[in-house]
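Next come two complexes built around subunit A: one with subunit B, the other with subunit C.
== the complex of A and B ==
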């Protein structure tokens, strides 16, 4: 079956619609993953009894299961504990919970990179642990974390493709849908792959440039 | 009147290494005490124990009558709580060899952070206080600059202002000129001289022997965590008694 440009043009609007959903869910997922990741990292750094060990378990769990497993698990169990979101919202929540653990690890590494000297200075200036975190550490870690956060953004973007399996109408969902309607699988999946690459690659280049600049 | 600082039988170990070995000393109000000794003799560790960054394994530290000590209960060492340490040690300020400034804050913010976030002072009050001490170290024109844009001497003066803004009764200086280029040492020593003249109680670890001779009331020579000899500066530098002191001073002065 030869590659049909006419067919590509025919399915393009549908694929672009999916692309928009993919981008939106990636950005929102990453945003919430960031907020959640900071909260987790701060709590683990300050060390709240009980909560810290629970969060350590959570981070270990997420780091050792594939995203798609967690996505299915979340899709089938979250509604039973009262989380009733439409697929798009659920997708964001699942991305945030899963990638939040990775982002918490990124921030943990950056927090460790703040020199011990500064922490001692904060200590003798009578800053509490929370104040040390807020005033000394947090303002310094974002730039340091940026290259790793961009890597994480790319992973989120790529893994968002699994969300089609849990009925989020993102790019892969549209590609599969178009293929199923016309029985032509090559063009939709080829185009979807191309779109993923075309968006992801410049972001990866940007990440590398930032890394070079700040290292 | 009790001494400002009293150290009794202080022992500090790092693993098997004994850094402070049953050391006792006192510092009187307004006294300028200079600690000298080779690297590894325990000078810095002593300062760090005084301000509570390290906790003694044995013995006690008394700051203006308040005692900090670790207690041995059975096989367990019970150390004072962080809150207790901070309360007692808040009467001391410290300046480090490597400045330890916060690189993301301006000079003003660096000096304000202690009063504002450490003492909970209102922002405008903290700023007034900070400006006063930044002026004292002669850096009012650099108030909005961040440390990476300052020279080493300027950074160290900011660090001194930051410590002073906590209004301590005692200032500790840990080799504050050792990381500086020679031409920048003078401006830092000048600020320290002024402080000394104002009657601040100071404990100074330094290799600047001329400065020590000018400023110190007493010089203490440490070796392997013990006080080997102590004397007024003139006596110590002209006619050291102990062979270890003689050897050390010879090596330093020949530099």
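== the complex of A and C ==
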């Protein structure tokens, strides 16, 4: 297998540029997915008629379609309903909408794990359902959810690779582009995959360490 | 928006539906292959030899730590160098199997390791062979633990076949994108395709959840 280090050195700056975009879009996507996920989870917990069943449908839908199909869906259809974003913003929106559903499920699980005694105490204190959520549940669920959220972060990071096909200039886009320019496909994809690994592996280890501490 | 008569719909479906059979074929091929690979890798990870264990760990961590689409392109471009010439659907299905096998190996391992070590020791004291302890004592208890995980893995695999479209495999998503650009009507077409994915995945995921509940109930 011909592997040229000179060529790797040549394409490295371009790949690192893509890596920065990948990291930025992952962090921003995850941030917005979290905000959106909390909103969805809180509405579902409080139980607003109509809205709750709509959100249940949304979560079930997202969990049963492939991310790459949803990414193309957003890319093709959002402009036709008047939402025109540049690729980077579109990528964040797609990540947030898709992973928001998964994060809503994570938070739902954590909300359920809050002990019954606490909820009963809140009821005795005559707290409203919204106030119970705000002062009893929300402050503690983030910590409980952390291991699952880190898993979700890694999935987001890996799935952000698909955004290269909807013109976001992230790592995979650069790898594809370099390969197409020089007709040498192996090195760019090899290096890109390696970079993904070098970033995701330490995060995975961190996640496992946190999980171990909690259990 | 547009005139979506029954005739156009029928025309679209006649183009999209062969994509489903391609999607299901990739799922079937990879779905048969990945548990076998997973068992093998799990065996490596539980091996007494450090070298084999390290190889198993490297395999699992690499496949779980990198994007599927990167693995697909890597396999697609590296195999010809080694004189292996396979079509995109085959390369895609095999890569999917390798990808899922890493998760399967971890599920098997978690299942086996969840059975207390004392049971191995008790078996040894009773002079049972290791194979007997594993097959008759450990495995029957581990199966209910990893069965639902494997079911979910198969569904993840089904959804992951959408990535094969990027290799040019003419599965459902590929045809959807193709048809969208040919007709300039991405909205209805992509909506139909998302629903088709949903219809393939959702009933099966409910079935897996049912199995999960049954297993919990039976082993409780």
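Heads up, the rule we're going with is that the second predicted complex is superposed on the first by the 214 of 215 C-alpha atoms of A that agree within 3 Å, B and C clash if a C-alpha of one lies under 4 Å from a C-alpha of the other, contacts with A are read in each partner's own complex, and residues count from 1 in each chain.
Everything below uses one rule, namely that a contact is a pair of C-beta atoms (placed from the backbone, for glycine too) under 8 Å apart; a residue touches a chain by one contact, two chains touch by 3 or more.
This structure is a prediction, so every number in the text was calculated from the model and none was measured.
S.K.: With both structures superposed, pick whichever of subunit B and subunit C touches the larger number of subunit A residues.
M.R.: Partner with more touched residues of subunit A: C.
S.K.: So, A:120: does it touch subunit B (first), subunit C (second), both, or neither?
M.R.: first
S.K.: Look at A:58 in the shared chain and tell me whether it touches subunit B only, subunit C only, both, or neither; answer first, second, both or neither.
M.R.: neither
S.K.: Output check: A:131 vs subunit B and subunit C. Expected answer is one of first, second, both, neither. What do you get?
M.R.: first
S.K.: In the superposed arrangement, which partner chain does A:32 touch: subunit B (first), subunit C (second), both, or neither?
M.R.: Neither partner.
S.K.: According to the stated criteria, A:7 is in contact with first (subunit B), second (subunit C), both, or neither; which is it?
M.R.: In the superposed model, A:7 contacts neither subunit B nor subunit C.
S.K.: Touch test for A:139: subunit B only (first), subunit C only (second), both, or neither?
M.R.: After superposition on chain A, A:139 lies in contact with subunit B alone.
S.K.: Mind pulling up the subunit B residues that touch subunit A in the complex?
M.R.: Residue positions touching the partner: 51-53, 86, 89-90, 92-94, 96, 98, 100-104, 113-114, 117-119, 162-163, 166.
S.K.: Within their complex, state which residues of subunit A touch subunit B.
M.R.: Of all residues in subunit A, those touching subunit B are 115, 117-118, 120-127, 131, 135-136, 139-140.
S.K.: What part of subunit A is in contact with subunit C in the complex they form?
M.R.: 1-2, 60-61, 63-66, 68-70, 72-73, 76-77, 80-81, 154, 158-159, 161-162, 165, 172, 175, 185-186, 189-190, 192-193, 196-197, 200-201, 204
S.K.: Can you check the complex and tell me which residues of subunit C touch subunit A?
M.R.: Touch list, subunit C to subunit A: 61-62, 64-71, 73-74, 77-78, 81-82, 159-163, 165-166, 173, 176-177, 180, 186-187, 190-191, 193-194, 197-198, 201-202, 205.
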